[in-house]
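Letters are used for the chains, namely A, B and C, taken in the order the chains are written, and counting of residues starts over at 1 for each.
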Amino acid sequence: MNRRVLHILLPLITGVLFLTVWHVAVKMSGSDIFPTPRHVLDGLGELVRQGLLLKYVVASLFRVSWGFIAAVLVGVPLGLALGWFRPAYAALNPFIQILRPISPIAWIPVAILWFGVKDTAPVFLIFLASVFPITVSSMAAVQNMQQVYLRAAQNFGLGGLELFRRVIFPAALPQIITGIRIALGVAWLVVVAAEMIAVNSGLGYLIIDARNAGKRYDLVVAGMVMIGLIGLVLDVLVRRLEKFDEVRWGYGQR
Amino acid sequence: MKLIRTLAIVLTVWLLGITALHGGLNLRWFAKRTGGSAGEKTFGVGFLPVTCHLTCPVTHYINKEMEGRDMFQPMRFSGWPELKEMFIGRPKDMPAAFILAPMAIALREQGVKIKIVHLGHRDGSAVMVHKDSGIFQTGDLRGKTVAVPGRYANQRLIIYRELKKAGMTIDDVKIVEMPPPDMPAALLSRSVDAITSGEPFMGQTELDGYGRTLWQAKDVWPGFISCVLAVHEDAIRDHRPEIQRLVNGIAASGKWIDESMAHRMDAAQFVATNYYNQNPRLLSFVLSKPPDRVTYSRLKPLRPEFEEIERLAKEAGILQGTAHFEDYVDDTFAPDPTTVNAPKFEVKK
Amino acid sequence: MGNAEMENIITVRDCWMSFAGKEPGAEVHVLERVNLELAQGEFVCIVGPSGCGKSTLLNIVGGFLEETRGEVNVEGALVNGPDPGRIFVFQENGVFPWLTVEQNIGFGLLSRLAAERDERVRHYIAMVGLTGFEKSYPRELSGGMRQRVEIARALAADARVLYMDEPFGALDFLTRLKMRSDLIRIWQAEKKTILFVTHDIEEAVQLADRVLVMTKRPATIQDEVKIDLPRPRDLDSPGYLGARDRIFSIMGMDAHGGGAA
């Protein structure tokens, strides 16, 4: 079977199956509250007509973009430094491991106290959620690097910054990208929690507000669907990064 | 390095683009400046989209329509914790908020510089049960599950009070805490036996046909106080005139709401659509059936009423009892209810 | 003796090497009393039983490990680290996977002018027979081709000495044969000094001027077999077979490869 067809047809079939099961399940349970796929579609249409869907998607993407990119700019150099300099690792790694498991939701009070209810607060939360996976995988990338590359580089007389730029960084890059891919997933996942903080736009906000507005669970699920779809697109985009020659070698043969 | 360079370019372009889009669409950077006296920055007033806080959006709306500018910035929150944190952490941005009376007193006990300056409303609470449950009086609640908004909600106190009157203690029922918006669904699915909070969540169950009123606050505790308008002491010290204008506005719009049923229906429309993002029919229902379900008059804070709340709360274990009326109330702003006049305002049809 | 010593480019005197063992305070003795010399332009192979420490010895000479005791002298100075003039060729994965063939080969040449660099890279790509693959990435090449890249890289950087650690060990039989003859061809053209470690005795006899035979661990050099045959070597000639059998017997094995281990 043609590969293209495989990759489009199979998910499509699964999707249709899923929608059918969903619809039937709701109808059979006789629930007055849980929306069917049709309700969700209508809800989405309503949002488009009100001009809200674009606004909300843009708002969420805006916050995730800044929070995530800040996490990359901080986490990659930090992780590389920690992976390379043993004293730095010994000093800072325990703190990273302590902060890492704290859910962003637990940081919400701190975020409000520090940043109020502007966009900065959700950006901060998203940054927090993403910076740890990125730092840890950058760290691991350096620590798990093949000895051979280091030795060969030292053989050619490389040291210090040049060694780092020409060998350590390129060798670590595939694993760094993997960490980035995971972190982006986390960042996008956290957007709902982050937008609980009284901002008045965004997909996470849509879900919280629809819940507060009475029986608009069709909008709640519509928000979830949009979050899921955008998450898929983001993942596909990051996967394309893995096709670049500089890192393709690091991902196994298939 | 092709990868890094491509990434850097793509990300920079993306950041600029999404920021511009966000600024244009959501932050209204490029919109024409509307009204407002030059350079005057307004302060925020926090509220939740509940009927008890109606005077907040109504005051803002009427003022905007009549004078063409924002008296203050209404800041809507989804839940008490965020509202509380904003008030505590950023009083410069949001020096005023509608808040639960016991919560305000508790904050004062914990050292927050909060002062209650006005009431938000009277009554406007109820206990609902499922229409098919066999619960017809307070005594029937024994052993059942009751959902309350949280430990500082006045609904918790009223339950405590009613149970005491029926000869029961709080331990004779199972109390669970739940955000009010989730309560109707919980009642519908019978996962709790009774729910209590402010409107419109109680009325919603009645409107949708599965809820039945056990009792309304106005019937068991007339003049019941739930939410109050509280202001940070720094704002009282530094911005007296603005705070006075705010309180006057709140009092006046309360009078306006109670003046006629037509005003109530108008309020239901413009508040639900512009401020609460709810279905107007819900607000219309709770503002009219019965008409005295919730009232917005006689809102000056009075010592005996608060001392009763203090006493009950201390008994119920919610407050320490270390703060008293003069600590947490500043009643110098609230006008005498008999002198308050509603603004001459009609919604353009 | 003085003159001969001046000619020696590599001198290892009384080298011992121990590592820390699993138990605290335990030690693993890998090398003891190792002495060897290489003259400039020689091709010397080191053979020995598996795990005897030949790679360890090569790493010490290359400057990647520090000997526990003894003296290692290369090009007139004590070795205290790797040097760009003396390149190590690894068994696998020595080539940088994020660089193309030509970028790899040009790796040691970044300080030179672009024109000169390109010329050298072109020359050595041709010498190792990889013309046409300049822009390929290592993952697109076979194992044998990757090893060629590594050798070309060392040559392009103008290495005077090559340390080769079982460089053909991961390749199949026919490729190995081809690689050996190509290596000899290159060595004859470039006149480098090569110290070559292998477990394959046939390979040693096909390639080397001298074969140093090591004992089991803790290893020392137990014997040396000079091979004075013209290259390319005839695998059926009595000289070849004789040398091979001699090495077998030194290592305690009979002509059929069996016998005492």
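The rule is simple: a contact is a pair of C-beta atoms (placed from the backbone, for glycine too) under 8 Å apart; a residue touches a chain by one contact, two chains touch by 3 or more.
Note that the structure is a prediction, hence the values are computed from the model and not measured.
**Q** Touching both chain A and chain B: give me those chains, sorted by label.
**A** Output, common partners of chain A and chain B: nil, no chain qualifies.
**Q** Which chain has its C-alpha centre farthest away from the C-alpha centre of chain A?
**A** Farthest chain from chain A, going by C-alpha centroids: C.
**Q** Going by C-alpha centres, which chain would you call the most central?
**A** Smallest offset from the overall C-alpha mean is found for A.
**Q** Could you tell me which two chains share the largest number of C-beta contact pairs?
**A** Counting C-beta pairs in contact per chain pair, the top pair is A-B.
**Q** Using Cα averages as centroids, what's the distance between chain A and chain B in whole Å?
**A** Measuring from centre to centre gives 35 Å for this pair.
**Q** Taking the mean of the C-alpha atoms as each chain's centre, how many Å separate chain B from chain C?
**A** Spacing between the chain centres: roughly 82 Å.
**Q** How many angstrom between the C-alpha centroids of chain C and chain A?
**A** 48
**Q** Identify all positions of chain A at which a residue touches two or more other chains, and write them in rising order.
**A** Each of 170, 173, 245-247 in chain A touches at least two other chains.
**Q** Residue numbers of chain C touching chain A in their complex, please.
**A** Interface residues on the chain C side: 62, 64, 81-84, 86-88, 90, 92-94, 96-100, 107-108, 137-139, 157.
**Q** State the interface residues of chain A toward chain B in the complex, per the touch definition above.
**A** It is residues 32-33, 54-55, 58-59, 61-62, 65-66, 69, 108-109, 112-114, 116-117, 119, 170, 173, 196-198, 200-201, 208-209, 211-215, 241, 244-247 of chain A that touch chain B.
**Q** Any idea which chain A residues touch chain C in the complex?
**A** That would be residues 146, 148-149, 151-152, 154-157, 167, 170-171, 173, 245-250, 253 of chain A.
**Q** Please output the residues of chain B touching chain A within their complex, sorted ascending.
**A** These residues of chain B touch chain A: 1-4, 6-7, 11, 14-15, 18-19, 21-22, 25-26, 49, 75-79, 81-83, 85-86, 88-90, 93-94, 181-182, 184-185, 188, 200, 204, 208, 276-279, 282.
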